[in-house]
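What follows is a set of structures to go through.
Look at the two complexes coming up: subunit A is in both, with subunit B in one and subunit C in the other.
After this line comes the complex of A and B, so read on.
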């Protein structure tokens, strides 16, 4: 009776408490990191197999679209790390289970305290990059032509 | 007070898909349980409404269902707990528990759940001869306390069907079966912990647990389910009971 659609739908519909939302955020951030790593490994391997393509794709990744993606990636890594530590500790110290809701909130707080300023900093860096390019008469949104 | 109920209905002989049935009950006492309301509804408005219930006092574990989004026992859930304090109208949404096939309305096929239960050998194993005086095998108070919490399980399936790992894969033995395994693994008189650990240490055993705590929150007997699972994980990791 278990299906993927049931699992995805009910992961959002079921009224679990903080533990369920932590798990959901952990899973989504984990999948996001996995997606990034897959692209990253493939793209880096291209430096060996197709250097011209590699140079091109590195420029493409400077596009603000990917810049914003990078901010999400930083957020995903931060939350995944903090909540991962929380789960690991709770698995090794079962007797601390009654603090799980508190630690879930703590992981979120720690994540927000670090992510908000870092996110703003990274966002402003995208702005600086775009302003510089605009000064040179080109656009940071423009995708460079593919070599060959 | 007035209660507006929204119930997930499904009759496999008539309906292609489940649908929401909407009902209104007047003159409800806030101290009535959800099971009281369902029985009243069945008696007064729609006799075809199908549900399981037996003792109505939170002991038999027949009426686990999903009330306002989360698993609870209908007989232990009072209307006053579901509405805002002082409000004269309460909305209650009822669905069958998840991950098990719906047979009709709120009744699900519990067989896969009990198959997992049986897989952990939920019975006392000790082939050594009983004490010479013919009386019970004695145990210290500390040894008995070690597994006291997990003796409280009533097999209602509220925990197992609240677990996203179980929704994702029905082969996962589930929190309830692990609670039963815990009850015997940590019993100093039991002689089959290795066989039970083999089952719960399998691919579809305790390692499917993602420490989500939905089971602990759902348990109507307030068993510390996630803690019990973590203790079994610990035994598997360290080899020490």
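After this line comes the complex of A and C, so read on.
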């Protein structure tokens, strides 16, 4: 456990400039995407094996709690994709390595330009969904009963 | 910004080995996933909405064989890319070769079971029921 906290602390402490933050963001976003993907793969397979369970879990995912998680997921996928392409290009074009700091900033800029409007849009969609359910007399926070 | 001058870079021909194959797979699948995963996220989360998701949506979506094929490709590329990425991260922090062997077995078991469970679900899905 002390190793774990040391690892986390040192990941943030080391002063590797922009490359350090790209590396850290790539790792964290990758782990986050894998965590969601593992759940997503099993949950979606249930559409075949147990449709009633699928409808239940999908309703749970409409909860604003997961809605916020969804915004993080979209951000993680976008950053991981853009930074991943940067890594791939530099791996195969080592002569461009002198521009790595610039490309790191470019990946962040591209990510922010695309993610910020999408994030706002997704956040507003949560509000629309909750207003709709409130109009029907139910709550977007309610967890439906687990199917029999 | 310090400009690197007189930098020498060498391209070294590495003999084929597992780590080299894994390295190349991460780059190659990464390029595929730029299109597959990013378009999947944009279509399913932004164009469509999680709020409209139910079994009826899946029936309509998986009535197309093309979409099933794309989803299968996405499943295999994304999950293998992700599990290998996790292995890469763990290798940085787990220093016991024995523990790493156990972790590798667990990761492969998880990967294979997930791939079978999900691809059977996609292939045998019957939109009629």
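Please note the rule applied: the second predicted complex is superposed on the first by the 141 of 148 C-alpha atoms of A that agree within 3 Å, B and C clash if a C-alpha of one lies under 4 Å from a C-alpha of the other, contacts with A are read in each partner's own complex, and residues count from 1 in each chain.
What we mean here is this: a residue touches a chain if its C-beta (ideal position, glycine included) is under 8 Å from a C-beta of that chain, and two chains touch if they have at least 3 such contacts.
Just so you know, these numbers come straight off a predicted model, no measurement behind them.
Looking at the shared chain after the overlay, A:13 reaches subunit B, while subunit C stays out of its contact range. Legend: residue contacts after superposition of the two complexes on their common chain; A:81 is shown touching subunit C, with no touch to subunit B.
Once the two complexes are overlaid on the shared chain, A:90 sits against subunit B while remaining clear of subunit C. In the superposed model, A:125 lies in contact with subunit C only, and not with subunit B.
Greater residue coverage of subunit A by touch, when subunit B is weighed against subunit C, goes to C. When both complexes are overlaid on chain A, the residue A:31 reaches subunit C alone and has no touch with subunit B. Of the residues of subunit A, those at positions 7, 87, 91-92, 94-95, 97, 101 touch subunit B in one of the two structures and subunit C in the other.
Those residues of subunit A lying in contact with subunit C across their complex are 3, 7, 27, 30-31, 33-34, 37-38, 41-42, 44-49, 51, 54-55, 58, 61-62, 66-67, 70, 73-74, 77-78, 81, 84-85, 87-88, 91-92, 94-95, 97-98, 101-102, 118, 121-122, 125, 129. Looking at the complex, you find that subunit C touches subunit A at residues 1, 3-4, 7, 9, 11, 27, 30-31, 33-34, 37-38, 41, 45-46, 49-51, 53-55, 58, 62, 75, 78-79, 82-83, 85-86, 89, 93, 110, 114, 117-118, 120-122, 124-126.
The part of subunit A that touches subunit B in the complex is made up of residues 1-2, 4, 6-7, 10-11, 13-17, 19-20, 22-23, 26, 87, 90-92, 94-95, 97, 100-101. Looking at the complex, you find that subunit B touches subunit A at residues 66, 68-70, 98-101, 109, 112, 162, 164, 166-170, 210-214, 216-217, 224, 226-228, 230-231, 233-234.
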